[in-house]
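Common to both upcoming complexes is subunit A, partnered first by subunit B, then by subunit C.
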Partner chain A sequence: MSEGTVATQHTYVPLWRVRLNLFLRSLRTNWALFAENPIGLIGLGIIIFFGLFALAHPILMNTVWPSKIYDPVSGYDMEVAFHPAPPSPRHLLGTDPLGRDVLSQLMYSTRYEFALGILSAVVTVVIATTIGAVSAYYGGIIDTLFMRLADLVIMVPFLPILIVLSALTEVGMIELALVIGILSGFGGTTIVIKSQALAIKVKPFIEAARVSGGGDFHIIFRHLIPNLLPISLLYMMFVVTGAIFSEAVLSFFGLTTIQMSWGIMINTTQLFGYLLRFDTWWLLIPASLAITTLCAAFYLVGRALDEVVNPRLRRR
Partner chain B sequence: MWKFLGKRLLQMLITLLLFQTATYFLLDAQPGDIADLLALNPDIPPAERDRLRAQLGLDRPPVERFVNYIFNFYRGNLGVSFQEYPRPVIDIIKERLPRTVVLFLTASLVSFWAGFVTGKILAWKRGGWIEYTATITGVTLYTVFTPWFALMMIWLFAVTLNWLPAGKFLDPLKWLDAPISANEVFTRMITSAFVGLVVMFLGFWLSNRMPRRSRPAVRLLSFLVPLGGILLYWRLNGLGFYAWDILRHLILPVLTVTLIAYGGTMLLTRTSMLETLREDYILTARAKGLPEKDIRDKHAARNALLPVWTSLVFSIGGSVSGGIITETIFSWPGIGLTLLNASLVADIPLAMGALTMIGVLTLVSHLVADIGYVFLDPRIRY
Partner chain C sequence: MRDEILVDIQHLSKLYPVETGFFTRTNLFVHAVSDLNLQIYRGESVGLVGESGCGKTTTGKLLVRLIDPTEGKIAFHAEDGVVDVATLRGKALKRFRRNVQMIFQDPYESLNPRMTIYDTVAEPLDVQGIGTLPEREERVAELLETVGLTPASSFMFRYPHELSGGQRQRVAIARALVVEPTFVVADEPTSMLDVSVRTGVMQLMQELADKLGVTYLYITHDLAVARYMCQRIAVMYLGKMVELAETEELLHHPQHPYTRALLSAVPVPDPTYKRKPMEIKGGISKPINPPPRCRFYERCPIADDFCRDNDHPPLEDKGGNHFVACYKV
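Right, the complex of A and B next:
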């Protein structure tokens, strides 16, 4: 639409506006495709819910929750006789064996889960997209080198390596995000993105760019990679799921030095011997359910995006 | 084909060496060794700790130790475990690897079969509430926090219903006067199950070559005869009681892993089927007026099988490492639990042994995947 008006009026429209209009238009069509699928909307709804959940924590801490009692790491409620205490109006999800409020821990951890997931997804996608585009574009020895590396990385069992690493150094949130991001960036994601890049590389507009004198760098970063972004976005969602899951498992085994996260909450439950005592359900279920739902939400969004990116999966 | 195999085996060997190098130095770079763990024990003087270090060879430079390790490894000597000194690593692995493999092979095969069948049907009948419920269930099973899911299974089947034991490999009280060791019984269980499965498979294979009318009878027979044979074998040798104890402990972990793997397989089959259904040959098959069931099972599903096959084989390799979670929750003494415990106490030989086994399993399963393609898709040749 907007290009049509540009052409008829012959007025000068800056390039960025044309680009913005194009971008908005494709966003609208893609959103329509995405919204057709209730599954993606459910996932998006859950993610937004958790986002608000994370945002609410600092507000609550500053208004109604005195930090001596409700601090997720160092709080302690002296007015309750026995910890862990069951849910009550004072502690909506009860307290943990150390007398800390479970709901506050749950909310406080949410932002770190988001940060971890998004950081590792960004690392993965930056690495995988660059390597995928470069090795598809140049082929030859570069391609062989990176693909063999990818084979090696895929082969390496993920969890054991993280366990070995955690014995080696102190694994905090950032280190964990980087390791997960790098491992999945050099591994399977690269192969998928490279195969997509191979399909794009032979399209006429790449030829056109080369004929009009575009250099390798220009073609890779201005023509190849922008066309790889949809599939990269898709894989970001799956990496987020994997990262949150891995963090939870490692923290559950007590192999990270993270102060508070959903996995640590379950680890605390285990340390104090409440893991197999199912009457204290509030120690185990809220955190586990949060991990499961957030992982599932990102995965659902990924699947819905898959239908947008890959037309062969659509119903029509 | 043979040339391909030779090349592949060479590549695998190189990959394994790289893998071993990387993991050895990672494990070795940990601060502190097994002798340091004894530092808190007041009965052991520092001189004695140094002597222990020298005895275990921990005072030599890492490169020398690594070269020694690799040379010994390929001569079949995996060293001696530090924590269960002086038990050889190979002995521990021989005991624990079958437990892991049985657990995950059973679970993978069952979930693969069930997931493939349901995914196929789901892709065929698109839309409606069935699709959404199935997708949500599949995604939930796929992304569920595994330790929690395992705990919930324990809660349901072991605590609330009290049908099955909550964990461990066997119930020690029942084994007090057992005539042979648990491992012996377990080996016999594996052998009998394997023989039974082979007979079953042969029967099904034969039934496809029989006239259509007698097929159901032959199939029923080939299912019942091996089953009866196995039951009779365990009844007669008087060890059935012990085998049943191990089997009871096996059911819950297998069920858990199966359900988790099922979600992924079902979703993957569905996606793969949806892509296949867009192909022109499906349209042709429809135009020819073939029955719907034939199009679904013979034209679409057969081609949709390839990615699912890849994921099955990878998941068998990968599940051994993922099995750390399940094995820990169920206290199932397999290779994953061994690895976790060994790397926590800097037991380098045992951790290396377990990691190498996991690596070998992964490599072999990748090779099996590639060979399987040739049979599944005649277009692929090496």
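Right, the complex of A and C next:
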């Protein structure tokens, strides 16, 4: 054979450069698939909008909004006679019963909603992917243990757990994100990912890796998990939706110690008896709409990613 | 060439319990491979032929220790001494894996879709900790050229879905050979390929056998492929070996009734050829707790009461290294 040609043709390119290029290329092809679907683009657009919305808050606070009046938690506008005040040029979305600016609250909360959603999604995916891969790979007693645990977590109602938890300790944003992430990670998501891992585990390339001398650790982390990542990413999106929604529900019931969030905004409205009054719509609608839209946006992105990950769903 | 034993299989058996219920302990077993004896010599290619479900693949997987045998010994004569494959563990097993590799049937399933060709081929080196990164890259490039994927640089960083079936199988062959094994189990490596690329892959495997001195166990259901590839052929039926002989001897003078039936089923490219009526009756049965008599008894045209009343016949030398397991020939 032509061993001589190898050296001449094979100009040495560092491996990481090659891998980076491959990664960028796969990103491009996947983006092309994703962009075919208007649903995903709409979702992504909404997420980007909220992202900018969140970024704008600190800028506004440092430039045009004096913090005495516009601080989302402690602000109070003395110059308005009666709170809650309807929308005006001074307060674009009015003020709440405590005299704080609603738009400022809405913008300030956005970044925490993002942080909460993404943190709990990451926790979920890390737990669910690892547990799913391990229990599918080993089977037997480990599998039984984790699957019965998953059944248990699914059976146990979520809200009562948090009520008990909030009685025992303070539930802030991070605690809430961890609890949602752990419950979701050990529960339903694990079962879905495990079922996928079972299908991959029996493929001959796993056997080939074993014949090569690869141990359990090597097979799980080099073969199983990379093949599970697309579906993990997908479930991440759905967990974000669930986490934002749960936070809103819990804050509305006053079960968290979070200072300001969209759920808290609705909670304040309810505390002061403005919840079912349509003449003070600016107290209820902006926060509810933000929750609904951001949840929907992550869900839509998830649906579009589903089509990228799962070619059978594509309409061709 | 015919003197040095590489693999010595003795009384190899693999039984699978039949799942009945959660609480009942089963005493039904599928005898996938039972009491198999075979010596494979260094440098030769042995064909393992038989119909679906006769235990060919199970035998192959037992030899590379993908599954653990129920009984029996597999003595593997490595450079640094004889090891019993059936009881290897830990480090010794990992070292054994440098000497023995397997090529799988389906090239569409045997390559990880998320790994590049380079990663796939270099994986055994990586796992075994052989060489530095640049050395591995060079070795992989060289091997890809050897298996006919030229130029290597244009294949190294592609994904399996970008290659054709024949190219993928060449990648699988490269992966099997990258650690320079002495023994390769090839599990129907050409059966999933188009007829047009089949011969190319077979030629390649033969060239590599000559060049690198690889010993093959070639599992196939296709007698023509076995004839092309192998010096000796072993015929299996329901987990038992029924006949073993040199390729031409076996094909021209088949003695076991099953081998004869198998050979009579090979199509003859002659439109005026009248096929002899099928000698054997019935279809292949499941080897679940088989009665202690010849496994082929129910279908055999020449069986009599002696065959019914005695255990499965032993493999006997009928002259000229032609082994047959039958009382009647």
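As a convention for this text, the second predicted complex is superposed on the first by the 307 of 316 C-alpha atoms of A that agree within 3 Å, B and C clash if a C-alpha of one lies under 4 Å from a C-alpha of the other, contacts with A are read in each partner's own complex, and residues count from 1 in each chain.
One rule holds in what follows: a contact is a pair of C-beta atoms (placed from the backbone, for glycine too) under 8 Å apart; a residue touches a chain by one contact, two chains touch by 3 or more.
On a predicted model such as this, the values are computed, not experimentally measured, just so you know.
Trainee: With both structures fitted on chain A, tell me whether subunit B or subunit C touches more of subunit A's residues.
Mentor: B
Trainee: Quick check for you: in the superposed arrangement, does A:H218 touch first (subunit B), second (subunit C), both or neither?
Mentor: After superposition on chain A, A:H218 lies in contact with subunit C alone.
Trainee: Is A:F252 touching the first partner subunit B, the second partner subunit C, both, or neither of them?
Mentor: first
Trainee: For A:P226, using the defined touch cut-off, is the partner it touches subunit B, subunit C, both, or neither? Pick first, second, both or neither.
Mentor: Second partner only, subunit C.
Trainee: Is A:G140 contacted by the first partner subunit B, the second partner subunit C, both or neither?
Mentor: The answer is neither, since A:G140 touches no partner chain.
Trainee: In the superposed arrangement, which partner chain does A:V18 touch: subunit B (first), subunit C (second), both, or neither?
Mentor: In the superposition, A:V18 touches subunit C alone.
Trainee: For A:A209, is the partner it touches subunit B (first), subunit C (second), both, or none of the two (neither)?
Mentor: second
Trainee: Can you check the complex and tell me which residues of subunit C touch subunit A?
Mentor: Against subunit A, the touching part of subunit C is residues 61, 64, 66, 93-94, 97-98, 100-102, 104-106, 109-116, 123-124, 127-128, 133-134, 137-138, 141-142, 145-146, 150-153, 157, 172, 175, 179.
Trainee: Flag every residue of subunit B that touches subunit A in the complex, lowest number first.
Mentor: Going by the criterion above, the answer is residues 15, 18-19, 22-23, 26-27, 29-31, 126-127, 132, 135-136, 139-140, 142-148, 151, 154-155, 159, 166, 267, 271, 274-275, 278, 318, 320-322, 324-325, 328, 339-340, 343-344, 346, 351, 354-355, 358-359, 362-363, 366.
Trainee: Sort out for me which residues of subunit A touch subunit C in the complex.
Mentor: Residues 1-3, 5-6, 9-10, 12, 15, 18, 22, 203-205, 207-215, 218, 222-223, 226-227.
Trainee: For the complex, which residues does subunit A have touching subunit B?
Mentor: My answer: residues 38-39, 42, 151-152, 155-161, 163-165, 167-168, 241, 245, 248-249, 252-253, 266, 275-276, 278, 284-285, 288-289, 291-292, 295-296, 299-300, 303, 306, 310, 312-313, 315.
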